[in-house]
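In the two assemblies presented below, chain A is common to both, partnered first by chain B and then by chain C.
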Partner chain A sequence: MADTNYERQNPAFYALIALLVFMSIGPVLLLLINSLKLDVDITSGAGGLLFMPTIRNYETALCDILWYEPEHLRFCTIRFGGAFVNSLIIALISTALTLIFGCMAAYALVRFKFMGRDSLSLSTLAVRMIPPAVLLVPVFGLWNNSFCLDNDYGVGAWIRDTFGGRGDVCLAGTHSGIILVYVAMNLPFVIWILQSFIVQVPKSLEEAARVDGAGPFQVFFLVVLPLIKPGLAAASIFTFRIAWNEYLLASALADRDTMTVPILIVNNASEFDGLGTILATGMLLAIPPILFTLFASRQIITGMTAGAVKG
Partner chain B sequence: MTRQNVSRLTPYMFIAPAALVMILALFYPIGYMMWGSFRDWDPSQSISETEFVGMQNYVRLWMDAQFWESFSVTLIFAFTVVAVEMFLGVGLALLLDRNIRGMSVLRTLFILPMMIAPVVVGLVWRYMYHQTYGTFNRFLEAIGLEGVDWLGQNPLLSVMIADIWQWTPFIFILSLAALQSLPRSALEAARIDGATTWQQIIHIKLPLMAPVLIVTMLLRLIDAFKVLEVILVLTGGGPGLSTEILALRIARTAREFRELGEAAAMSNYLLVLLMVLTLGMFAFTRWQEARARRLKFAAEEEG
Partner chain C sequence: MPTIRLENLVKRYGAVEVLHGIELDMAEHEFTVLVGPSGCGKSTTLRMLAGLETVSDGEIYMDDRPISGLDPKDRDIAMVFQDYALYPHMNVARNMSFSLRLQKTPQATIDKKVGEVAEMLGLSPFLGRKPGELSGGQRQRVAMGRALCRDASTFLFDEPLSNLDAKLRGQMRAELALMRQNVKKNMIYVTHDQIEAMTLADRIVVMHGGHIQQQGTPSELFKNPVNRFVAGFLGSPPMNFLEADLVEENGALHAKGDGFSIRLPNDLATRARNKAVHKATLGLRPSDLEYTPDAPVDQSLDLNVVVSEYIGAQSVLICGCGDAKVTVELKSETPIALGETLRFAVRPEGLHLFDTKTEVAL
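Right after this comes the complex of A and B.
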């Protein structure tokens, strides 16, 4: 049979595929459906798929940024809107920084020979295995003590000059503090993925540009970067996903005003009233990654396979 | 002169921002943690005020039955989960490696679970595991069986199932990619020689996929030691210590017991464990490559 034709399979095969699809998206659908139900309906299980969808849970969750006051609410207890904005700020800025720093470093590691190159590329690989939990203690300690803005020497002073703060004394409890950890945590991965894309850029193109008088930075930004767009897309999705979903380090560093959505969910997950509300916040947190998956799945898969197969 | 200096400095200029951030927020903290693990350290103190206690934190942990409990839970969790995921993922890849319509849609749907926040995964699974209104028990009761106390009686199993649900697709996608990049000629030759499907899988497909599979397994194993949020939301480490993996115990020691020194020592134990695993894997792949090269060399000599 020619390759262009699709093979016909027996019905059991299609049944298996249907089952797998059901298993993989079932829980997500369950989350969506239950977030549209009233608490009573969730716990009683009445109706199954036949129910009146209500956006009341979403109103409760988003009460602090809604322009009207939902009539079923007397107080706005969950401050989801603020957390959502925090999550967005932190995830977007840290993704941007990681990508800029990461692709520059990856380019240097691939294209230039210089002292310490091998040990550098080995150490980026090695730090990939560090679990966030290991960083918890030192990050908590440093961000609260040594990296404080009232330090007039060393690292503290450098941080103060470079990142600034919002009048806080320490890096802990600021957006920059959390962003800094995320950038550091994601860099090894991004460098690793981008290396495998940069290797494929033909050297002759760069040499041609250099002959025409372009400096190394011009070559990099005008010639190399446009060519590794798919790699950048993949890397940015992965970085965004980690920064968006991360809980542990953010919970150690964030205070009331810089709280991100995962922290909010964990803090409220133990409360028994408001099951629907917490499912609604979960759904809202899941929406950006779901959108990425639906619209950029090819980039995600390229990124995944580039990381493992070529690395 | 200056021009040459600039060109020699170029690579460092490209590296500098990344290196700076990583030194500041990754290597320095790790060193700081190692230093702190030899100290009696309370969260309210800055590290210079703390007392040096030598190996005391390490010794106390070594003697601590609860620490070893967590340690073994971590190992059991990571290895079981990765073994099952490899089996299912590779199996599904072998099964679904066919030329069918809509494969890209399927892959999109399969990667959905991994993209969703672990916190949300924990939330959904906790709902599904719930004893009275959870999906699983409702289903069991609907077909006339008794409900199971998932998170109370079988906590570790429940947590593992959730993780397997989330991460089997990762292995599936990677092995499918590996399968589809296999040289067609080898498979064709085997088919012409009359190899059965099983023979093709065992003697040709799996050996050729092996390098990718090993890397995949290593990546997944490292990630399995990073799992925390799903378990935190599902069981919080309980009941008892049955699902308290090391990462969770580190967080608890630091936050609830306020023993930063001990948590740092525990982090070091975890790091050493991961280091041993990673190095072991590296050594294994090196050894395998060397063996493959030797075999090839021998074959060429004979030929």
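Right after this comes the complex of A and C.
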């Protein structure tokens, strides 16, 4: 536990801290302030903190999902809102899936003895070493041609009806297509992180639970999972940020309706009229990872297994 | 409650065999205590009973039903682990009620049961705390409470009181003794504590190196140990062992050693003669030696008092007898001066004799 009574430090130390805080918060603050200004105020450079805050830039950025029509816009050029929602859906779902599969796979790799366990464990990490660019071409090919499911078959129709897509039931251009790639991409690393957390859960806890009458799933969900929460949090920050920022694969697989924010910004860079809108989108782009990280990092506490076993 | 029978139970870890054919029959409601030195396989035996270790050979029967293939949860066994194994993310109350909650017991029943057990173990003030916020002794009591909250047919305790102070241990021992009378359950209990073993057990099982050395009631084992190991293991302070030659003198068999020559009682002498043993180890409990200045030479030891340890009503003397050390227990008021050589009478029924070669009792 953190000791709150710090010793009095040298003033230079505080100065250093202040500098670090300024360096990390400063740009975000600048972004926030300027995104609330009109273009003229930004470019004139005058005023600094003295200005009339306006949400006009945000209205411009989110014009496609607002329920009213901002009066300063003649028509909605950028579809940032839709992309933002896409990004959220894809990042959250792929993070959730990665964690669910990851923790179960990691548990199996740590606790169960089966043939090829060690090589499997190692190869999960080896997969991680493949650069995403290498995956780009084969995944694009598979998602667009070979693996397209025909409408006539049950599965194909079901997938189309359930998840949507471009009509030819290809994974390309669907949320699930991108989510699937992200899950596959992040899973090895998550498995690898979680293994190190699961190893630390004392075996006798699981034994105690089994004697207490818990089945395998109850042991896992009631005893092991709560104890590796810090690991899950760390892994989720990692996967969420990758899914949120990923550009390369998303640009190949997304279509107009499923494109994520990074793709939108690059594709429409020329259409942004004025700095203000760009700053507003930047601000919006920064918020989810910040919130997510703040939330998740609170789960990262050490000493989860304190008091479990003797010594 | 089922009777439990271990038949030729063997445990191997790879090529290492740690239990070599344990044969044990436990009657209904019996309180069985396993004792033995560290590493002799007590925990392994319990863990096999609980289903946490596979059975390499042999079988465990509950009411003549083989159970070695069953999952731990299907064996109706509660266990207190040697290392506590508390769920660190649950508070004390939830730790204790874990099993009941799994069985979907009504909350009111759970609260009542947990309250009772916590009261008995002195844990009521700590019900809301996590294991990490408890002392070692408190944790151990939680581990105990978690088992006692359950309504299993068989309870396994792996050194459940080892971390408690003397007073608390005494209290808990009394609670256990009480529980043993009131709750008709099978209990198997591992301990290093002589007093616990002696006071609680219906049957003590002495283990050594993966073998059962002897089993029986506490007094059987105390009075008639089958070999030198059991004799030395039970009793505190431990039994004295003196090397002796068995020689015939004046028509009686004498155990003759460095500075003593004791006439053996007739039955013991007959057995020694029948087995043609010539070298033997004499076993004498510290409490079987009595300060008697006028005792006959061939029924006493002349001991040189080296150290006197005062432990209240009793004192323990450590004395020299030739090259060997002998401990004697006697009343503290007996006037003893260090450095003196005194005569201690040997109580004839307290005389144990072991074949030096095989260490088996004669």
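Just so we're on the same page, the second predicted complex is superposed on the first by the 261 of 311 C-alpha atoms of A that agree within 3 Å, B and C clash if a C-alpha of one lies under 4 Å from a C-alpha of the other, contacts with A are read in each partner's own complex, and residues count from 1 in each chain.
The rule is simple: contacts are C-beta pairs under 8 Å (C-beta built on N, C-alpha and C of every residue); 3 or more make two chains touch, one makes a residue touch a chain.
What you see is a predicted model; the values in this text were computed from it and never measured.
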item	value
A:G276 touches, of chain B and chain C: first, second, both or neither?	neither
First, second, both or neither for A:G173, with chain B first and chain C second	neither
Which superposed partner A:A108 touches (first chain B, second chain C, both, neither)	first
Which of chain B and chain C A:S204 touches, first, second, both or neither	second
First, second, both or neither for A:M304, with chain B first and chain C second	both
Partner chain(s) touched by A:D212 [first = chain B, second = chain C, both, neither]	second
Partner chain(s) touched by A:G231 [first = chain B, second = chain C, both, neither]	neither
Of chain C and chain B, partner touching more chain A residues	B
Residues on chain A lying within both footprints (that of chain B and that of chain C)	304-305, 307-309, 311
Sites on chain C touched by chain A in the complex	47, 50-52, 71-73, 77-79, 81-89, 98-99, 102-103, 130-134, 136, 139, 146, 150, 163
Chain A to chain C touching residues, read off their complex	202, 204-205, 207-215, 218, 222-223, 226-227, 303-311
Contacting residues of chain A [partner chain B, same complex]	3, 5-7, 9, 13, 16-17, 20-21, 23-25, 27-28, 30-31, 34, 42-45, 97, 100-102, 104-105, 107-109, 112, 114, 117, 120, 124, 126-142, 144-146, 155, 180-181, 183-185, 187-188, 191, 216, 220, 241, 244-245, 247-248, 252, 262, 265-266, 269, 275, 278-279, 282-283, 285-286, 289-290, 292-294, 297-298, 300-301, 304-305, 307-309, 311
Complex contacts: residues of chain B adjacent to chain A	7-8, 10-12, 14-15, 17-19, 21-22, 24-30, 32-33, 36, 41, 43, 46-47, 92, 95-96, 98-101, 104, 106-113, 115-128, 132-133, 135, 138, 165, 169-170, 173-174, 177-178, 181, 212, 215-216, 219, 222, 225-226, 228-229, 232-233, 246-248, 250-251, 254-255, 260, 263-264, 267, 270-271, 274-275, 278
